[in-house]
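Residue numbering begins at 1 within each chain, and the chains themselves are lettered A, B, C and D in the order written.
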Amino acid sequence: MKPVSAEEAIAMIPNGATIMVGGFMGVGTPERLLDELVRQKKCELTLICNDAAVPGRGVGKLFDAALVSTLTASHIGLNPKAQEQMMAKRIAVDLVPQGTLVERIRAGGCGLGGVLTPTGTGTIVEEGKQQIRVDGKTFLLETALRSDFALIHAFLADYLGNLSYALTARNFNPVMAMAADTVIVTAEHIVPVGVIAPDHVVTPAPLVDHIVANR
Amino acid sequence: MDAQTLIARRVALELRSGDLVNLGIGIPTLVANYVPPELKVFFQSENGLIGTGPIPEQGMAHPLLTDAGGRPISALPGACTFDSAMSFGLIRGGHVNVTVLGGLQVDAEGHLANWMIPGKMVPGMGGAMDLVTGAKRVIVAMQHAAKGKSKIVQKCALPLTSSRPVDLVVTDLAVIGFPGGEITLLETAPGVSVAEVMAVTEADLSIPDKVPEMQI
Amino acid sequence: MDAQTLIARRVALELRSGDLVNLGIGIPTLVANYVPPELKVFFQSENGLIGTGPIPEQGMAHPLLTDAGGRPISALPGACTFDSAMSFGLIRGGHVNVTVLGGLQVDAEGHLANWMIPGKMVPGMGGAMDLVTGAKRVIVAMQHAAKGKSKIVQKCALPLTSSRPVDLVVTDLAVIGFPGGEITLLETAPGVSVAEVMAVTEADLSIPDKVPEMQI
Amino acid sequence: MKPVSAEEAIAMIPNGATIMVGGFMGVGTPERLLDELVRQKKCELTLICNDAAVPGRGVGKLFDAALVSTLTASHIGLNPKAQEQMMAKRIAVDLVPQGTLVERIRAGGCGLGGVLTPTGTGTIVEEGKQQIRVDGKTFLLETALRSDFALIHAFLADYLGNLSYALTARNFNPVMAMAADTVIVTAEHIVPVGVIAPDHVVTPAPLVDHIVANR
């Protein structure tokens, strides 16, 4: 797979697209793709990610530029701009327990019909959701999540598209790489095929659509 | 000893060798400082790490090794990393022996509210709902009262974090548990009387005949 | 050319560069032999490998690198391994572009039966139900008839593998598809007439005006 | 964690226990633990594993010794003894699609209430199961699986219990290591703490209860 430029990769994304962005408080986030989203002013985005990061960092840049119209995340408390936009109802925010969020994305990527979880039962999270009884216990049915695009950041990518991640920068990236129609990847290093040992590949190459060249 | 240190030291006594422990932000984070080194506790950071170590020395941090707040941490020998699906598989699957979390309110049924104040603070629940629902043992570490108001209430006014009751509450004044489902004063802080605890507690505490003092 | 080779060669023409492909046991396994090397196809082995290569040379096998039948295989440069949860996440999540499976019966609605003969052969479905339900495209590679009986039937008598219809059936006599949901003769094998196919097919095949011969 | 002997490890398992055993056609199976199960004649076992392997190999040994009373697996076609015992109704066999099987075990290990899957709808697999409609599609509710013991084989184990696996010997081992009350592990090599890089650990140490010493 021949790497593309960040400009070409982001040009594929239309306004109004649903995007998943890997990262946890900006760690393991494809910063270059976010910079390019801002430069190309892709707006009315539906964003699915763990958190809103902080202004100036990671997905925080998308709130700085007011590009997000809908956000699904587990935590936005450390980004005052995202909070402000939510309170002013300029963005619709769906707050989801972090484990439920990652499992919903995994369900979307793995062809499952949803997630049955006790998390959220008896709290405001259960509102409007199907409840399913299994063996005398009650579970919420949380629906599967998918997106048009996933923007992924890896530590190593090879030219086939195999990915490995480093330390706590792995987080949501591997599940999101399974749950989007088009998967766009940046990596700290793009390496020749065979450099990543088979046992150390976390995201198999066939899941990746585009690798963005390092400059 | 200040209130936070007292709470953290008392909570630390609850941990056992081999435990997988998840500490929330705030006071809970301090607990790690008071675990004796001979106790082999695994600390999990829910962003994808077991084996968190102390804050790295200046110049020895790495931007891809952080805690759940995005701040640099270190990893001990034998640490391991994983994705968020595994991290919450561990949490929701009951593999976390103890989670220690901050609280806004705990009520007489052991219900915890710690993630939002409607109309005022809506940061999102992060991993808190999963931790309270999934961990084997849930300990709340918090001040007993805030701005003169008891945080140990008869019934939570704030939105609950989980329908699953917590197991233990450690405050600067008391240790509170729920033996037989009844909210009970288990210990008082050094120099604090049972009457003093009752005076600043909204919930109807059950008081055993003998209430020992925290041993820390 | 024998029947199996013919079928495998014809199926190979369906694969595209970049495809993730899962081949079942039997005739489907042979398909890999007829994929031109310039076509970069990823072959998955559902026991946990993408990038399967040919049977290793004598003395160069490893007991921990095997196919789904437990036989030694090789891994190409760029191969990757994973656990069964990931393997079936790929299969059930629609990430497998093409699966090629053997069949006992395919019926007029495209339903496949390939995993049991009640009272006689009950080996278990292994990954077949997941593959037929989850793969983007399902191709059945099988003999047209067995012991003189058509395997292309009007309605499967054997237990179904999935309620999801297959996309293409390639036999030693014909290529059969389901355009508009109608079972249709798309191609005949070299030297086989439309009449001959119809004579050995139980299902009511729709026959277009022009039925080309397989180009292999 | 101080390694125990295979004798001690298997002595913990009572007759009638439910055990999960890692491996796929005998690859990645803890052979020494199975040999010891046979030697100690642990019987009336409920066995959960991918397949019945072949006689003389992997879980095949348990059928050779007639120790299994109930089997949950996806495929037993290559073990004539298991087939024979099933046909003679000496063992009760629940055949489960492989993807459903691994996902049910994962659900058991991850605290989920079950699995919602389209696999098996409209086939005999759906018999007796709840069907759940989500967004107009029908899914089977497949229940979570757990066991008393999981017998796991890793490539590397360190003395804390961190595990990594090699090539196709990974298969069901990582999910089973999450879904049992007691997890017993053999490994090709037991290595000092720190030898397995954090990013290469697949099963975190706290999941492992006992490591069996290599002789």
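Note that contacts are C-beta pairs under 8 Å (C-beta built on N, C-alpha and C of every residue); 3 or more make two chains touch, one makes a residue touch a chain.
All values reported here derive from a predicted model rather than from experimental measurement.
The greatest centre-to-centre gap from subunit B, using C-alpha centroids, is found for C. Here the CA centre of subunit A is 29 Å from the CA centre of subunit B. Centre-to-centre separation between subunit A and subunit C, using Cα means, comes to 34 Å.
Each chain gets a centre from the mean of its Cα atoms; for subunit B and subunit C, those two points are 55 Å apart.
Taking each chain's centre as the average of its CA atoms, subunit A and subunit D sit 32 Å apart.
Counting partners per residue, subunit A has 103, 106, 110-112, 117-118, 165-167, 170, 198-199 as the residues that reach two or more other chains. In subunit C, 49, 75, 81-82, 88, 92, 134 are the positions where the chain touches two or more neighbouring chains simultaneously. This structure has the following touching chain pairs: A-B, A-C, A-D, B-D, C-D. Considering their complex, residues 45-49, 62-66, 68-70, 75, 81-85, 87-88, 91-92, 121-130, 133-134, 159-164 of subunit B touch subunit A. Of all residues in subunit D, only 106, 108-112, 158, 160, 162, 178-179, 193-194, 196, 198-199, 201, 204-207 touch subunit B in the complex they form. On the subunit A side of its complex with subunit D, the touching residues are 103, 107, 110-118, 130, 132, 134-135, 137, 139, 141, 143-144, 164-167, 170, 198-200.
On subunit B, the positions that touch subunit D within their shared complex are 18-20, 42, 49-51, 75, 77-82, 86, 88-90, 92-95, 97, 133-134.
Across the complex, subunit C is touched by residues 24-28, 50-51, 53-54, 73-78, 83, 86-87, 95, 97-100, 102-103, 106, 117-125, 155, 165-175, 202 of subunit D.
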